[in-house]
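Working notes for the structure below.
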Amino acid sequence: MILFETIAEPVVATGMFTWAWTMIAVPAVVAGVLLLAGKLSDAWGHLLATAAVLWSFAIAVCLFGHQLFADAGSRAVVAPLYSWFSVGEWSFEVGLLVDQLSILFAMLITGVGSLIHIYSIGYMAHDERRRRFFAYLNLFIAAMLLLVLANNYLVLFVGWEGVGLASFLLISFWQHKPSAAAAGTKAFVMNRVGDLGMLAAIASMLAMFGSSSFTDVNAGAHGLAPQWATMIGLFLLLAACGKSAQVPLQAWLLDAMEGPTPVSALIHAATMVTAGVYLVVRSHAVFETSPAAQLAVVVVATVTLLAGAWIGTSQDDIKKVLAGSTMSQIGYMMLAAGIGPAGYAFAIFHLLTHGFFKANMFLGAGSVMHGMNDDVNMRHYGALSTAMKWTFGTFAMGYLAIIGFPLFAGYFSKDHIIEAAFAQNTFIGICALIGAGITAFYMTRLMLMTFFGEKRWQPGVHPHESPRVMTIPLVILAVASVVSGLVMNNWIQEWLEPAVGNHAHEVSLVPTPVGMATMGIVAAGVVISYLVFGRGSIPVKAPATNNPITLAGRNVLFGDQVNDALFVTPATAVAAAVDATDARGIDKAADSSADAFAGLSTQVRRLETGYVRSYALTMLGGVLFVGVVLILSQLG
Amino acid sequence: MTFPWLTFLGLLPILGGLLLLLPMGKGAARLLGLGFALATLAVGLGVAGLYAAGADLAVQVPWIRAFGAWWALDVDGMGLAMVLMTVVLTPLVMLAEWQPPAGRWSAQVFFALVLMLQGLSLFVFMANDVVLFYLFFEATLIPTYFLIVGFGGPRRRYAAVKFLLFSLAGGLIMLASVVGLFAISASQGAPSYLVADLAQLSIDGHVGRWLMVGFLIAFIIKAPMVPLHTWLPDAAEHSTPGTATLLVGVLDKIGTFGMIKFCLGLFPEASLWATPFMVWFAVVSILWGAFGAIGSRNLMRLVAYTSVSHFGFMVLGIYAFTQASLSGSIFYMLNHGFSTAAMFLVVGYLAKRRGSYDIEAFGGVQKVAPVAAGLLLVSGLSALSLPGMSTFVSEFMVITGTWSRYPVVTAVSMIGVVLAAVYVLRMYQRTMTGPVTDATATHFTGRDLTGLERAIMVPILGVLLFLGFVPAPAAQLVEPTAQAILAHVGVTDPAPVVKGAK
Amino acid sequence: MMNPENYLILSALLFAIGAVGVLVRRNALVAFMCVELMLNACNLAFVAGSHITGVLDGQVVAFFVMVVAAAEVVVGLAIIVSIYKTRRSTSVDDANLLKL
Amino acid sequence: MSSNLMLLEMAAPVLEWRALAPVLLLFGAACLGILVEAVLPRAYRFLAQLVLVAVSVVFAMAFLVLNVLSAYGGPVAMGSLMLDGPTYFMWAALLVFGALALMVFSERRLNGGATAFAASAASVPGSRDEAEASAARHEHTEVYPLVLFALAGMMVFLASSDLLVMFVALEVFSLPLYLLSGMARRRRLLSQEAALKYFLLGAFSSAFFLFGTAMLFVVTGALDLHAIHDAVAGTTTERGLVFIGLALLSVGLLFKVGIVPFHSWTPDVYMGAPTPVTGFMAIATKLAAVGATMRVFYVALDGERWTWQPLLAILAVLTMVIGVVGALTQADIKRLLAYSSIAHAGFILTAIVGASQIVPAGQATSAASVMFYLVAYGFATIGAFALVTMVRNAAGEENGLEAWAGLGRKNPWVAGLFSLFMLSFAGIPLTGGFIGKWAVFTAAWRGGYWWLVVVAVLVSIVAAYLYLRVIAVMFAAEPAQGTFVGHASGWTWVPVAIGAVATVWMGLLPDQVMQWAAMAGGFLR
């Protein structure tokens, strides 16, 4: 379906919109200041950083307000900043596109980002490197905003890599832990694999269109040869897989939980990992030109949503359960994005609600850990609902939202996706449905293991509620988890239509048959989970099992093993082979040719016997030689 | 006649170097050396200013009349980029090597050799006559040899000889081509070694190919490309960081510089003929170098191997024959100089404290020397071409430019981008992170980088960051060279496939 | 009268004998005498050549060569005698310190 | 000597005194030098010889310049000598190198007040005679007249356009060199052995030269080169004799140049001879022999070029390879330089093979390239051998390469200058050696011998290692015990300095010398 003509050309920024760049610049500059100023800024660094994000948030809100009251045709605004470079026929501008899609992201990023900054003031209070943490967070905010506000793929890519860097820095923030350092490296490298897709996509766009701006690509996409449309689509999908931890590039996300919990909440739940979804939606014109690429997205998404859920069922680490859940939920978003125009708005819708409730739950988990001496093993929790009332209450809101309890945020956003999936393909729909059930199962398991049942606290642990600076963000996010679905349900489709070219569906609060089925499945999941985990006691050590499903889940579906077997081991072997070839092949050849010359030299020197008569003989031989040569040259 | 700025620019450091050979106090020698380097920097910037103002800087005086060789100097965008890189890096290297390693030759000699090397390199980048180029091309080897032999690590003799022999081998093969050029030039009228005159001859066919191959082999060794690269890791490992910086950052650029100026400039037809081979050759270098870096157990070797990989990208860009890729390659040359300098110098700082370049010898440094670790990370990020660093822009130009002509080749070469992340971050992970080892605690506690060491890094990283965000000046500087070469070769960019998209 | 070319053949033979003599004789004096024989073979060739071509120069050359040979003898003997005084041997094979 | 049967009356020979003045001055001075030895007391001989040498060389040079400036040339001495461009150029070069070499001969400070020559060459080594002569501070000032004879002989040799004159000149310059080789003060056994070998093989080779001449004479009835050229061109029947003549003649010439397989004497003689003499021989003999070789091949045998070009090409390859490879593992510096001189002869031969003789005005012929090469090589050689005399141990000169280890630390100047000369030998740019190498390769390629250039270039790579090894030993190795750099006087330092300056000058601004060479580039027939 060709929908490009519905997309309005963005207007050039005026007034408030000319300030848009400060959203990015202020956190970026603050990050630089904090890093360069060093210890001088230890005392006030975190406050400055928080202020910087609040500034960005304020701008985002103002712009959003501006757009709300502008007429639909002039909502999308482009703010050119400067010409980055140009070469040949290609020119690369740095410009911001503040349209209906990006402003939602900007608000999510800065809004959740602000809350997490505030939360972190408390969470990281005792860390001696807190200033550095805030600098990295600000760096992330700036890069993420650049990613979503860019008006062309290249600048997007800059942000894309920027968030990758920030993610690396923050995952391995506690560098003295080898596991954290390794996790950071792993995340960056696997992201880089995805980045190849991005790079290839941009290169293809340049080759195809001579430009990488969204406008040009969207306008030209319908002219693509099918195979190139598919190629570009697959490249973009690869990029999205890397950033959004979709199968097959999913393995880094669980390890990324080595980072401080606010990082997990902000980057690896609410914002960065959803960038893949943003990319696919942003590139809708390309995908619409290639059904094959769309199908690939759908397949990847479905596999991931099930895989993530599967992982979530078997992990004991609270953050890893949430991480599995994140994978799964992003799978839903990707699924929606892959479905096509029918799903774009739902993808973004779920992305936003997920941003709220998942951030909420991650911060909640952080709060729990804060009270449990940074223990993450749920088997050491239990009965925390009384010890941490605020945490429990807010976490419960998030829980209800994610399982899709009626009228909570997830109820709207996820149901729409499942419905759209059914409309697309029954099998996919069933998979999505099953995923919802599993989600309910593992989230209930998490709730039960953490907040209910008997105390399984380790000696010396005295759970306590977190300080206000941490609970207030939790409350705000909990509220968002509850209401955001209801607020946006009717509005978002229409709002996004000019930006992503979706079709507005009629949505109502009354459950459709699919919605009813979903509720039924979710209820079943909750009940089964209760039957398994709610009644008996939970062993403090994970019981040994031969159940392949559990084993696979605990081992993250053997993603690391697969990567090791397919990539790490061969790469190591190749590196060793290269080393050996250089040392024992090329160098040996060079050295032994030197030796050969030395040997030859010894032989040549033997001709100098020291006997004058042999010299004379050599001369006479020379005379004969000369004669022979002369004769031969006459013959020839 | 106007003042011969270019001659002056090249002679100034050489004179300084010769002056430094006279006996004098150590302190005075170093200050004098630095003074000459700074003066050269000033003159270099002045030349850049004149160039920007559109002044005609060309010098052309008969040099060896019997052979039609000229003392011909001129700069184009590429030349100026290399000149500026050289004049900026030299004083920094001097500051970084203010105290040469104990038990080696004196700082005075180091400074003298560095200055001579600088002057000779400047002439290489400015020479507009093939013989003149060749003269300085080979002459740079001598001070470099002594820099390795006089100040390097335990196996410096082996490394220096290997370096010199590989380079000389290439250079002498090139000499055969230089000689051949004369024969052709002389047979077609008055012999002239001026690049412009030779370019007019359009030497095609078998002769052109063979002559081109002679040049190419020299530049392949210089650049260095697999399989003629093994001298570089050894040379880097067994020289001081400052020497390695000049060697890899400046001297090796002559390889790619020469490919553009001489292979493409003099033998367009033959260069096109060599393209399929060179493109794959470049890809092999990219991957080989990257894997070599991954397998390295020594920091200097690692950086050297990364350079092999990066040179692969430069060569790929050159032989893709698009404006983007070629401009990207030239820009890459500039960036790589700074990026490698950053890597080598930081590695040098670390090794100076630890007393070893072995990766295994480090661990947990970040905890006790965060600034050193941070600078290593930033340098590493520039090596892996992170956006925001100028290296990204150039690598992007190379990749996208090449893609528009050879998508499959480019796709294979892009594996190198991932491997770059692997070798940089693994190195960082193994040396800087993790628990603080005993050795680290002993050697690094309270010994984070000094003010001078930090100050040295400022201009290097500053250039990388500035050109990362504002690459336009550099891109504009190098693009005319790329355009001229492509026009000379007679190749135009592939047009966008989808018409009217823009 | 004999064919003058026979003289050339003779001179070539003498020359060859001289050359082989240098190769096979160990005594420096004898070896040197063989060189003299070669020179004289040349003289013969010159004179014969003079006869063949009818140009008198060849005969003149012979005189020059004799003088040169005499000079060579002087120098040669000086060297051989001095080395004999040192080594008490005129075998060229004993003079074998300089090699390789 | 051009007379024939019809004209039997004797005409008084016409001699162009002014043209021949350089040669005659040297011969005269040499004869006077002999008289000095006979007449003056020992104490005054050294000074007197120096004065004689200085006066004769300076005036010879002055006449030479005068003649060049007044474009005075052509066949002289009844056609037996040809004063053409190459003659003048190489005469000048010989005079300069001869003068520099003689300065090194005069060095006495290094050796505790004695020269490098035996106090009494005639006395038995280790005998009382010798000890007494040493104690009495006797010295052989005969070396000066000997060198003057050799020098004059060389000048005649390369200028002669008559094979008989060439033969006589060959002997005139060879005989003094045989003697000089045997006069070393130290290691006299080696020195005498060198003299013996040099003499026997030299005499052997001159016999070949003479027999070759005879063969050509038999065919052509002529001795002067021009006539031979014309006659050979007209000969169709006696080709066999022409070839024999050509081959044997080449042996005599190539022996002096040091071309493989006629090179065997070189390493032994270079090693055994007193170092100043080696230095002198290394350049002067080579220069004269190359000059004469070119003259014979280009003037007399030009018509046979298709015959001898492939031959010389093969010999060039052999020579380069054997010279370079043989030097690779040498442990004695003089022997190493001897092999190196063989290699250089090979490089020179490439240009001779190219035989590009007719080029547009202002460009370099083969001869011009070769002459430039020789000059560049000569300055480096003089300097290098002068430096070799300075590296010593307690007993005297130390030529073992391992004993040179770490010389760079002990005396950076000596090691640095020696490295400069090594670099010039290796043909590294910024030295005259590079320009020379480039010039000869160019000449070879121009003559169509591009494959020879490729081979030469490949050999140069190995050659570079050879010289590099010496530099590495001096700079990179730990200093050896017991070796030191002796304190030399200006007699050594001045030639070194001149050599160094000229090497760099010819590397950087070779135009002037190249112009001279190019102007002198053609042999007159």
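Per-chain residue numbering starts at 1, and chain names A, B, C and D are given in the order in which the chains are listed.
What we mean here is this: a residue touches a chain if its C-beta (ideal position, glycine included) is under 8 Å from a C-beta of that chain, and two chains touch if they have at least 3 such contacts.
Since the structure is predicted, the reported quantities are computational estimates derived from the model, not experimental observations.
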item: Result of counting contacting C-beta pairs for B-D and C-D, higher pair; value: C-D
item: Centre-most chain, if every chain is reduced to its averaged C-alpha atoms; value: B
item: Centroid distance [mean C-alpha coordinates] between chain D and chain C, Å; value: 25
item: Length of the line joining the C-alpha centres of chain B and chain D, rounded to whole Å; value: 44
item: Centroid distance [mean C-alpha coordinates] between chain D and chain A, Å; value: 78
item: Distance between chain centroids, defined by C-alpha means - chain B, chain C (Å); value: 65
item: Residues of chain D whose C-beta touches two or more other chains; value: 196-197, 200, 204, 208, 267-268, 465
item: Where chain B touches two or more other chains, by residue; value: none
item: Residues of chain C whose C-beta touches two or more other chains; value: 19, 22, 31, 92, 95-99
item: Touch relationships between chains, expressed as pairs; value: A-B, A-C, A-D, B-D, C-D
item: Chain A-facing residues of chain C, complex; value: 19, 22-24, 26, 31, 92-93, 95-100
item: Touching residues (chain side chain B, partner chain A) in the complex; value: 162, 166, 227, 229-230, 233-234, 288, 291-292, 294-296, 322-324, 327-328, 364, 366-367, 371, 374, 381, 386-388, 392-393, 396-397, 399-401, 403-404, 407, 410-411, 414-415, 417-422, 425-426, 428-429, 432-436, 470-472, 475, 479, 493-502
item: Residues of chain D touching chain C in the complex; value: 1-5, 121-122, 124-125, 164, 167-168, 171, 175, 178-179, 182, 188-190, 192-197, 199-200, 203-204, 206-208, 210-211, 213-215, 217-218, 220-223, 267-268, 271-272
item: Chain B-touching residues of chain D, taken from the complex the two chains share; value: 359-360, 362-364, 368, 423, 427-430, 434-435, 437-439, 441-442, 445-446, 450, 453-454, 457-458, 460-461, 464-465, 468-469, 471-472, 475-477, 509-511, 514-515, 517-518
item: Interface residues, chain C side, partner chain D - complex; value: 8, 11, 15, 18-19, 22, 28, 31-32, 35, 38-39, 41-42, 45-46, 48-50, 52-58, 60-61, 64-65, 68, 71-72, 75-76, 78-80, 82-83, 85-87, 92, 95-99
